[in-house]
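Have a look at these structures, which come just after this line.
Heads up, the next two complexes both have subunit A, just with different partners, subunit B and then subunit C.
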Partner chain A sequence: MFSFTKEQKVFDISGISVGGQPGMYPTVLFGGLFFKGEPDFDDAKRHLQTMYDLSKQTGTPVIPDFFIRKVEYIQPIIAFIEKVIPTKHPFSIDVIEPSIKIETLGLLAERKLLSRTIYNSIHIGITKEETEALQKYTPEMVIVVAFNPKDKSPDGKIEVLENGAHLIECGLLELVRKIGIQKLLVDTAALAPGENSGAAIAALPVIKEEYGFPAGCAIHNVVEKSRWLNDFPFAKKTVDVASNNTIPLFGGDFAIFGPIENVALVVPLIAWQDILVSEYTENYFGVSPIASHPRRKLLK
Partner chain B sequence: MTEDYYPWGGEFTACSPKGCVAVVLLNIQYNPPETVAIYGRLKTENIGIEKIIANTISNPYIRFLIVCGDDIRGHRSGSSLIALYKNGIDHNHRIIDAPGAIPYIENLKEEAIRRFQEQLNVMDLIGEKEKEKIDTIIADCIQKSPSSFGESYIAIRLKPENTVSLNDNRALHSRIVIDYLGNVRTRGE
Partner chain C sequence: MKQKLKTSVIGSYPIYIDTLDVIKDYFSEQQTSWTKYIEQAVHDMTSAGINLVSDGQTRDPFIQLFTRNLRGCRVRARTEILGPVQYTGPITEPDQRYAKRLLPRNTKLIGVLTGPYTLMKSSVDFFYYDEKQLAFDFAVALRNEAELLLKHVDLISVDEPFFSNEFPDYAKEMIGTITKGLSRPTRLHVCGDVSRIIPQLVDMPVDILSHEFKASPYLFDVFREYSCVKKMCIGAVRSDDVIVETVEEIVTHVKKAITIFGKNVVQIAPDCGQRMLPRDIAFRKLQNLVKAGEIINGG
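So, the complex of A and B:
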């Protein structure tokens, strides 16, 4: 449990604050809606309701993360967001294909949703067209993935933020500034076991001390790629859920978990972890939790 | 035998050590016949491709690389592998004309890539998912019984200093120092 010397930035999007000194703001959870195959919106609606209910109950902020895999899903998923996500609540859009990213941005702009959008994500694979689209249709917040194919250590992640590891023209932080986005979250790029998977966690305090930006990652991806766990199906679920704990424990600010089916396990777990962190950081560093923190909400 | 021939770990199945065919599975439910040398799934357009290169050039008997199944959405890993075979990499180590999101080859020397281009005949069956068709193409390749490419090429991972060292006595990281309470500060300040 840490306290950082560097001033810590806190970014707000539609009433949810991310960042700061550990123990002040609760860990923000991004729940991944992957929509394998045809999107099942009834199922998604049920899980979202559970997620919002648990958030209300515990104080752990939640943000749905919509994965858009095909161009034909852009319109229905955005229509679903408009219909189902409370109007003052943020959401994130997780897209890999650059052309789908661009089209999604256009539609988000048309539907006037960009002020609630977290763009997941910008990385060194960004294309010129994507940069231009982001300048034209600028989302409120962006997740910057510090993936460096040359160097997977915390140093490598810093390098890609700083100078693009010389793979692109400038560092990802400068690129975000050029685009004109003020609010950014650094994703420390959790990689498969054997690819320095632990560096994603070790990099959290490094990036927070170096830049003060909110940091987190999708550590559950490491569990998914730990194929040996398939021999332990009962334990695998526990490990999958518990992996998220490592993020607040190492000073991180957000966890991207998935699938959203795990929400009933992940939200109370993170609330528990946040209480643990808060008790220590208040006692030793004088950091008081905000009014909506799980410690205030759940410990009477 | 597997370790001798395939020095980079990964999710693959080693079959016939002197087989001349390696099969890259994209989005496809298919198990190649045991007569192939090696087969496995490709997911990412960077690390995944690096592993394929390292684990094919290490076995000089492999002369054909068959890439089959629907390409991986977003990553376009299969098409990026084909692009690497055709075009190589640019000065930034980006695969030339690769459609993938982050198609960078960073852990291999260019010499290893050239060896891959020379040793392997890469067959683009992206989009093909019919078992019978792929089986036939594999059988045709085996029928040609090409000779071994010669010596095995063991590709060394570049930047070995990034691997975990148990003798590293730095406190978590070279950039920060953490005291016993948990106060973090920049090293040297």
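So, the complex of A and C:
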């Protein structure tokens, strides 16, 4: 368990704080919705309610991560967000296609939702048009994916943050500064087994010590790519959920844990892990957890 | 006197890396493939009719291309030296092997190595605190790579731009560490103003010297003062200027070189790697270089 010498940044969005020294703030969980494409709003509503209830019960902060795969889904998904997500609660939008990103930003601005938006994500694939849209419609917070195709080690992730690994004009951190976004989360870019899959976890303390920015990743993707686990279907689900534990254990601040359907397993697990980390870091480093931390909430 | 010069490149070629495509591969959990970028670079060079092509060095700038793959080096904002520099396995060889498969008959391949002095000077040293030792360890590593490349390439070219800024007294021994006894011809490329180090350059343990005579035509006059028996690669189109030299201009330039170096002019090339040029400009420069070469050879 860690305490970093570099001053740790803590960013707030609509009442949720991300970052800081390990043990101070609970791990923030992002639960994915509509990954497969077409939104099932009834199903989503049910899962969201479960997620918020679990969060209230444990103290583990949760944020819904909305995948938007097609242009025609933008309007209904944003309408769903307006209707279902509590008005003082943040959400993230998870889009790959630049044209969909740009249109989504415009609608979020129109609906005055940008102050609650986490933009997932900025990376080496950013286009000029997307950059301009972000300057015009600036979200409150952004996830920066530190994927470097040339070097998948923690050093490669720092390289892409620093200078874009010479693939884009400047480093991703400078790019975010130029856009005018102050609050950023670094996603350490989990990769498949055989591609230095452990580096995403190893990079968490490296990034935090280097920059002090909140760091996390979607480590469960590595489990999905571990084909050998298909021979162990019962264990696979356990491994998928448990993989998220490695994030707080290595000093990380947030976990993008995959489908929201797993929320009932992931939230108590991470609350348990956060308590473990907090007990040690308070005893050894003197880092006290905030009032809403699972340790305060669940250990009376 | 009939000339038999070859057209060549120095190393890098400007290929646009589609980073959106790269990130989409990441999100769909596909491995990034670099082969299409090598194909584009080699295609341009061979389409232009260049005799001696490279793999385009598309994967990385010429420093990181090597240091990223050497033990003891850490690449972040710059290359940092954290331990003894050691060769651990193929660096450019897989790309060269792939480039070789793309070549038409009679087109030759250059194995380009960034020189040890340039690698040393471009790194931040947290371990050796001894420039010479670090440079020699780079040289030993590059020798290993050169030996591996011999199976695939027709010429080994060592790129040492830092020599024009600062020339170490151990340069000959260091370059010899790479080139000694290699079974392919060797070339040393030093761009920039080399007018102060010509006596040392002509004594280098390589077969061919390569310099930027187009951007620095005064080098002709300086070389005239020395008896240079080395074979020469003449920089004949600029790598730092988007104006495309005409065929006639290149012919005049090369003819001037021939008046000084005679039959020792064996290659004409861009002044340096073309990475900084727009791709269409780089291509047109190569086309004109080839046309000029044909005129010279046929004259």
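Keep this in mind: the second predicted complex is superposed on the first by the 298 of 300 C-alpha atoms of A that agree within 3 Å, B and C clash if a C-alpha of one lies under 4 Å from a C-alpha of the other, contacts with A are read in each partner's own complex, and residues count from 1 in each chain.
Going forward, contacts are C-beta pairs under 8 Å (C-beta built on N, C-alpha and C of every residue); 3 or more make two chains touch, one makes a residue touch a chain.
Keep in mind that what you see is a predicted model, and the values were worked out from it rather than measured.
Trainee: Here subunit A is shared; do subunit B and subunit C fit on it together or clash?
Mentor: Aligned on subunit A, subunit C clashes with subunit B.
Trainee: In the overlay, answer first, second, both or neither for which of subunit B and subunit C A:Ile270 touches.
Mentor: So A:Ile270 meets neither subunit B nor subunit C here.
Trainee: Figure out whether A:Glu159 sits in contact with subunit B (first) or subunit C (second), or with both, or with neither.
Mentor: Touch status of A:Glu159: second partner only.
Trainee: Of the partners subunit B and subunit C, which touch A:Thr5 in the superposed model: first, second, both, neither?
Mentor: Touch partner of A:Thr5: subunit B, not subunit C.
Trainee: Which of the two partners, first being subunit B and second being subunit C, lies in contact with A:Pro205: first, second, both, or neither?
Mentor: A:Pro205 sits against subunit B, while subunit C stays out of touch.
Trainee: Between subunit B (first) and subunit C (second), which does A:Asn221 come into contact with in this model arrangement: first, second, both, or neither?
Mentor: Second partner only.
Trainee: After superposition on the shared chain, which partner residues are touched by A:Ala189: those of subunit B (first), subunit C (second), both, or neither?
Mentor: After superposing on A, A:Ala189 lies in contact with subunit C but is clear of subunit B.
Trainee: On subunit A, which partner touches more residues: subunit B or subunit C?
Mentor: B
Trainee: Let me test your reading of the model: by the given contact rule, A:Val144 touches which partner, first (subunit B), second (subunit C), both or neither?
Mentor: A:Val144 contacts neither subunit B nor subunit C.
Trainee: Could you say whether A:Gly125 touches subunit B, subunit C, both of them, or neither, answering first, second, both or neither?
Mentor: both
Trainee: Given the touch rule stated above, what does A:Tyr284 touch, subunit B (first), subunit C (second), both, or neither?
Mentor: First partner only.
Trainee: Pick the subunit B stretch that clashes with subunit C in the superposition, from 42-50, 132-140 or 168-176.
Mentor: 42-50
Trainee: So subunit A touches subunit B in one structure and subunit C in the other; where do those two contact lists coincide?
Mentor: 96, 98, 123-125, 147, 149-151, 155-156, 158, 166-168, 191-192, 195
Trainee: Using the touch definition from the top, list the residues of subunit B that touch subunit A in their complex.
Mentor: Touching subunit A: residues 9, 11, 46-47, 73-76, 92-94, 100-107, 158-159, 162-164, 172-176, 178, 181-186, 189 of subunit B.
Trainee: Show which residues of subunit A lie in contact with subunit C when the two form their complex.
Mentor: Counting only subunit A, the residues touching subunit C are 96, 98, 123-127, 145, 147, 149-151, 155-156, 158-159, 162-163, 166-168, 171, 189, 191-192, 195, 221, 225.
Trainee: Name, in rising order, each residue of subunit C that touches subunit A in their complex.
Mentor: It is residues 17, 19-27, 29, 31-32, 59-61, 64, 68, 74-77 of subunit C that touch subunit A.
Trainee: Which of the residues in subunit A end up touching subunit B in this complex?
Mentor: Per the stated touch rule, the residues are 1-6, 69-70, 95-98, 100, 123-125, 147, 149-156, 158, 166-168, 191-192, 194-196, 198, 202-203, 205-206, 208-210, 227, 251, 280-281, 284-285.
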